[in-house]
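As written, the chain order gives the labels A, B, C, D, E, F, G and H, with residue 1 at the start of each chain.
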Amino acid sequence: MSLILDTLSWALILGGSGFVLIGTLGLLRLPDVFTRLHGAGMTDTMGAGLLVLGMLLQSPDWLVAVKLVLIVVFLAFTSPMTSHALARAAILDGIKPWLRDSGKGGAQ
Amino acid sequence: MSPSTLMILALLLPLLAVGPIVLAGRYPNLREAVSLGTGGLLIAVVLGLLSHLADGIVPALELGQMLPGLALRLELEPLGMLFALVAAGLWPVTILYAIGYMRGHHEKNQTRFYAFFAVAISAAMGVALSGNMLTLFVFYEVLTICTFPLVTHAGTPEAKKAGRTYLGILIGTSILLQLLAIIATWSLAGTLDFAPGGILAGKVSGPLVGVLFALYVFGIGKAALMPFHRWLPAAMVAPTPVSALLHAVAVVKAGVFTVLKVTVYIFGIDLLAENAAADWLVWAAGFTIIAASVVALSKDNLKARLAYSTISQLSYVLLGAAILAPLSLMGAAIHIAAHALGKITLFFAAGAVMVASHKTEISQMAGIGRKMPWTMGAFAIGALSMIGLPPTAGFVSKWYVLSGALQSQQMVAVAVITLSTLLNAAYFLPILHSAFFGRAADDDHHHHGHGEAPLPSVLALCLTAAGTIALFVLPDQVLTLAGALLGGNP
Amino acid sequence: MIELLDIVILGMMVVAALAVLWLRDLFAVAMLSGAYSLMGATLYVLLDAVDVAFTEAAVGAGIATVLMLGTLTLVPRQEKPGKKPSLAGLFTVAATGSLLIWATLDMPEYGDPDAPIHHHVAPRYMKDSAAEVGPPNVVTSVLASYRGYDTLGETTVIFTAAIGVMALLARGRRRKP
Amino acid sequence: MKEKPILRVGTKFLIPFILMFALYVQFHGDFGPGGGFQAGVIFASAFVLYAIVFGIANARRALPAGIRRLLLSLGVLIYAGTGVLALVEGGRFLDYSALAAQPVLGQHLGIFLVEFGVGMTVFAAMTTIFFVFASRDPSAREQD
Amino acid sequence: MARTLSLIVLMLVLWLVMSGHGELWLLALGGASAVLVAWIARRLDSVDHEGHPLHLTWRGLGYWPWLAVEIVKANLDVARTILAGPDAVTPAVFTVKASQSDDLGRTIYANSITLTPGTVTMGVDDDGTLTIHALNAGAREGLETGDMDRRVRTLMGEA
Amino acid sequence: MEVPGLFNYWMAIVLMMAGLYTVIARGNLVKKLIGLGVFQISVFVLYITMGKIKDGTAPILPASGSAEGVVFSNPLPHVLILTAIVVGIATTALGLALVVRIHEAFGTIEEDDIQAIEESEA
Amino acid sequence: MDHTTLMFAAAAFALLVAMVMALVRALMGPTVYDRILAVNAFGTKTLLMIAVVGFLTERPEFLDIALVYALINFIGTVAVTKFVRYRSLGFPVGDNAEGEL
Amino acid sequence: MSGPLEHLPALAVVIPLMTAPVIVALRRPWAGWLLATLVSWASLAMSLLLLQQVLETGPFSYLMGGWAAPWGIEYRVDQLDAFVLVIVSAIASVVSVYARKSVEAEIEPDRQYLFYAMFVLCLCGLLGMAITGDAFNLFVFLEISSLSTYVLVGMGRDRRALTASLRYLILGTVGATFYVIGIGLAYMMTGTLNMADLAQRLPAMAHTSTVRAALAFLVVGIGLKMAAFPLHAWLPNAYTHAPSAAAALLAGTATKVSVYVFLRIVLGVFGATGLLTALPVTQVLMVLALAAMFICSAVAIWQPDLKRALAYSSVAQIGYILLGVALLSETGLAAGIVHLFNHAVMKSALFLALGAVALRVGSTRIDAMRGIGRKMPMTMAAVLVAGLSLIGVPLTVGFVSKWTLVEAALDDGMWPVAVLILASSLLAVAYVWRIVEAAWMAQPGPELAHVREAPTAMLLSIWVLAGASVWFGIDATRTLGVARLAAQTLLQGVAP
């Protein structure tokens, strides 16, 4: 049982770490703020979710588990709000999304 | 009344007069009556003290501690008695003179003048009655500050400038040098109480004594030893009664009085003699005497000439102290009184001339003796006293100083006294000559027709002139006091 | 691992601090200072100071940043360019820094259990607070009871700050014209 | 209000949880990290969020200056008052052991009270400071 | 009132699961806190159908798991794009129509879109038009099928 | 992986000096206040580092089980720094309030501009 | 190091790398929104880091801190966007005659 | 002492602390004033009782929360503490009476209650600093007093008050942070924060660079707070532009308490380490003190604004105090301590009087004050008295300080220092006399036509302090006696 749990957490945590890294990589590599948003959103959802799930399996008592769940729920709830707020603020501020066909906009 | 009560009274009487003076400000006659009355009472008090002293009682009184272990203390001794007598005696006379002068001159702020004058007298009493150096210093500074409004009485820019010089030198020297010396004395001797034979004896020796003595002598700026004499001529802008206060009644007398006190009761002449600590003062005082006389000679303004004369005369007292001979110390003490009487006469006369004829320059005064015979007569007596000729008090004091100098083989001092007598004569006699024998200039039509100054003023100056002569004729009391300074045997 | 975290976080803090010094966009500076507190808070967790981390996160990263932004709504957002580096400042900083570095030379090493501070006052807190005061969280015991008076002072400080801000900035009752 | 439903709905939903979390932190300072100060800040942050999303005017209506001022004062008074109470009960100032028959119970009560006072003051102080800043008119900047 | 009560209960549950301490004293505090929170929440107009969507509880059980699966799929998609490098992205901005009748529904829809990586809702108009930014143009087709829109409406009880 | 014995202290010092330099050398008042914050936080790091014991754990007694053999870090620096953080935020809040007022009164928050205005008045 | 510790160490390492990368983005900008996004992402990673460190040091009960981070991160970002968009955190204040004093 | 009086040390600080929230809750200016006044007088009464007690029984301590000393926070009251408490509460009492009229004129009605709250908090902070025996607790109260001071300064009418306040805030915070660093380093090497305990444990660690650096940081930190030359940059503007009542309170107390902290920490805590003589602490202190006395006095002479001149004079006077400390002898220390009191009295009197002038004339610039002596004779007479005291004329407190200080210098054979002390007081003559000449020796211009004498309550306060500066100058046995005892107690722990 313990072995299965441990293996599962390993997988989840590695996966979560992977998503976090990829998401952040996106934050670094993508061309403009709007596209980067997608990368950051990834960390919040998949990255955080998998990591927390991995930890959940290792949690010593249910108090810790509850708080882990609360964290991930809170993140899931606020992440779209912040992303939206950011995107909206950026677009209203006059920042044009970078588009492949127009070749305009993006990082100024 | 007990001596202690009398001492307190001597301090408080003039102060108590301030209130009524201010309250009576609107009624000049009442105001001046208060001043005069208090003056009379004060003389009575001082005479009462004198009688106690004559009975061999040394009144002493502790006013309470100011700093831990250091009290404000009053103690009467002969020298202080002498100074108290001079100050108390001349106060009502000066007031009398001022009644005439201030009204005749239409001065403003007369109430302030009388009030601060009273405070200054109180401070002078304090200086005279001080039982230790701290107390003396306290009253010395109070005297400086309460005379400041008197010096700047006119309120003109010139008066303000004079006030700055006055305060700068007096406060400056007293804080920087005198206070340092006092605290050093306290630190070295552990006491500041005046004691015959000095309190520093056995506590210090070597060059430190000389340094300390110099700190005292220069620190006592009121003694006007060069180079700290500038305040005295500057203060000439003040009204004449104030000049009288400065030159005769209180201020400069407090200065030389303090020097004598320090010499005798702090150091003791033995200590000074052993360490040759006062030799430099012979030279310094001698230089001041001569230099001030030369300057006086060059001044045409009468009050300025008198001012430099004062500087010169003060250094006689210092010289008397510096010679360190008992006789010259006696002479120095007597000179306090002698010079006070003589110089006040001269200033009164100069002021009277100013009030009556609006003349301030000597060169304008030809023939004035005939218009103001009483005034110029008194002036002549005062001038004689300054020169040191009989039958005036100046002769007595000079004589003692000179004898002391001869006794102790201080030839420098002898030479200085001789030379200065000649110089004194050189700057006073021409005034007398032109006043009585000169002819008034023709263009003087503006002010001709004037006569004597107002009666109270003339009365005052005649009184002091008489005093100058009286001191020559009846010097016993003064001699006794001065002799007691040195332990009772002149 | 904890040590690696420690080193890297401190490194990032240095970068952030220098960026705060360097950048002229005050807005970015405010954001970075928020991130700086966040890093500090993480460091506190690594150093076992969970209560401090909690507070630093809530205050330094939260309230302070929001206040900073509140200020930036009212003042210009760009720092004026062209300020020369201050030699006097460099000197002061170099002197202070060297003094501190010198001071560290005789210090007990990081985490040394034999350091004096672990042996004089603190042991009693760890040993007896549960019996004397009660709460399992020793920081709370010390904060509220052993050194409760400090905390009263702390509360007064925040009270002072609040009414101070009111005194300086708040507008009064609006009067009918 | 109509303008940004996403933030509005989300904020409305979140605020009770934030408040509850703050109270949890307030009352569990004995057991884990947290306590009056942190709780006060978190409690205040709920109002800050509300003010940012719904506008400062609404926030001030919901939490008027008078109440804030009262809480601000009351917190300090509760804290110091606990100390004085201990003093009246015969202990030293802030000696909670004097508050109850058993010292540890007294300590417990004392800590609870002072933490409560701290939380109250901090909450009121943080909201006050934020509200004052946010109510400042940005256009006042040109006046001399 | 029912909402307030349910909020109080919810808060109390939250307290219990976070606290882990069963002492009467703490329970009482929890109860008092829950009431206090409810009272403040009412003051802040937070206890209405938007702020405390009691009515969505049961239907949500069907929606959230579906959304989770969608999120995982989208994540893998985006991860692939990022790893492929900046050249692989084909950003696009487009609008879709949200057919929900109120703000709550639109919010849930918009947030669901944002929550799935690769698409971010940039704006919500009064008439329910959502402006979407997508990392890859391909996401457009996915949304325009209206699958998610429908599911949210189901969640809201509108369809 | 060993941390050199004084590494934390040194880094804290570097941070402090960065903050202090910002305070001294920067003319923008907001920047100065932020620098002040950086300075203070770095001092906090110094204190907290002081309280750390190697292989220690947070000074919270475990809810269950005995604390036997467990090493706890020193709680006292934590308490001190909690107080100091509060003081820090209080100072920052006041400072920012002053900056806002200064901007309204002078129209600038650059130190040298303000100085120029003040000197022209004096 | 047993393998669970190793597991969390790996996660911590990944998060650390991610934090550094986020910080780089925050420093690079170029727009304000990039910075906000980066700092927000940084915050998310930090809170995960706190959780992981809790497990790493075998005292996982301090997750409250992580919750606070999440909360503060959210409020901070909302405040920031509001600020950059409207240059104000709440003004105008409406007709409140009471004032603050 | 038993019964309620037993708790005096705590109550003396806590009562002002609790008054502030009450004032805020009541929100009425008059209530604020009344409470602030009552509480100041109550503190004064309590401080006097404490002083009496400490003189009778010697130093005693009060354990906050009942926790024994190094674990809990200890209030340790010795002669110096009690003396400083009396100074602070006495000045605050007098200023509080004065404040009503002045605040009415200078602060808008809505904010007045906040002013009084700040006033009380400032008092509380200063008292707390003076009485505490815990190094960190001192920091907390330092910040209470500092924060309230920043606000008090910032409430000044002139816009320069804002910049002054901010500058003070920045430098003050840097100073406080330095203090925290210093305490931290000392704590690190000893494990304790209790001052008595620190003093006991530091000598064993005195050889370490850490403790030495701690001393350096503490000196600089406290130096900033007490505006020791050359760290005084914040002071002149702060005092000049603060509201009158605040300026008087601060001038009389704020830097004084910081000096007290300096004495307590540097002599009381670090005295036994022998570092004061091993390192050139006293020499550096002496040079800086002398520089302050001369440079700042000279600067004061050229200031067109009198408040500013007096502010510079304050820096110079801090120099006197530090000089006494640097002599490290009983007399020197006593001179410094007694000057704490003396300077507080006279400088507060001056600031109060200038506040009255500001109220009536609207400016404290010297050219606006020509002839003011005729219009406000009582006020300006008080200025004269306090000014003379500043110079050090006999029968004033200034003389007492100067006397003791010079005595201390001469006891150590430091003649040049004695000369310099006296010489620097001549500079005071210059700046005081400028006031006297402007006030008394000029005719008032037409712009002063409507100027009247200050209100009675203000005059009363001014003259209480001016009178005190004469009273304690004539009989200095009490103040100097206490100062000497305090110096003895303080020096007991100082290694030769």
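The rule is short, and it goes like this: contacts are C-beta pairs under 8 Å (C-beta built on N, C-alpha and C of every residue); 3 or more make two chains touch, one makes a residue touch a chain.
Because the structure is a prediction, the values reported are computed rather than measured.
> Which chains lie in contact with each of subunit D and subunit H?
Under the touch definition, subunit D and subunit H have C, F, G as mutual neighbours.
> Using only Cα atoms to place each chain's centre, name the chain farthest from subunit C.
When every chain centre is compared against subunit C, the largest gap points to B.
> Roughly how far is subunit C from subunit F, centre to centre by C-alpha average, rounded to an integer in Å?
4
> For subunit C and subunit D, let me know how many angstrom lie between their CA-based centres, rounded off.
20
> What's the distance between the Cα centroids of subunit A and subunit D, rounded to whole Å?
Roughly 32 Å separates the two chain centres.
> Need the CA-centroid distance for the pair subunit D / subunit E, whole Å please.
Each chain's C-alpha centroid was found; their separation is 29 Å.
> Would you please write down the residue numbers of subunit G that are in contact with two or more other chains?
In subunit G, the residues touching two or more other chains are 13, 36, 57, 61-62, 64-65, 67-68, 71-73, 75, 78-79, 82, 84, 87-89, 91, 96, 98-101.
> Using the touch rule from the top of the page, what residues of subunit A touch 2 or more other chains?
23, 25, 37, 63, 67, 70, 74, 78-81, 84-85, 88
> Residue numbers in subunit C touching 2 or more other chains?
Correct list: 1, 4, 50-51, 53-55, 58-59, 62-63, 66-67, 70-75, 100, 104-105, 107, 115, 117-118, 121-122, 125, 136-137, 139, 143, 145, 147-154, 156-166, 168-173.
> In the complex, go through subunit A and note every residue touching subunit D.
My answer: residues 74, 77-78, 80-81, 84-85, 88.
> For a test of understanding, state which residues of subunit D touch subunit A in their complex under the given definition.
4, 6-7, 10, 13-14, 17
> Any idea which subunit C residues touch subunit H in the complex?
99-100, 102-108, 115-122, 124-125, 145-150, 152-154, 156-157, 159-161, 163-164, 166-168, 172-173
> Which stretch or stretches of subunit B touch subunit H in the complex?
For this pair, the touching residues of subunit B are 64-68, 72, 137-138, 141-142, 145, 152, 155, 160, 163-164, 167-168, 171-172, 175-176, 179-180, 183-184, 186-187.
> Show me the residue ranges of subunit C that touch subunit F in the complex, using the header's touch definition.
Of all residues in subunit C, those touching subunit F are 1, 3-4, 6-7, 10-11, 13-14, 17-18, 20-21, 26, 29-30, 33, 36-37, 40, 43-44, 47-52, 55-56, 59-60, 63-64, 67-68, 70-72, 74-76, 79-80, 83, 85-86, 88-90, 92-94, 96-97, 100-101, 104-105, 107, 109-113, 115, 117-118, 121-122, 125-126, 130, 136-139, 142-143, 147, 150-151, 153-154, 157-158, 160-162, 164-165, 168-169.
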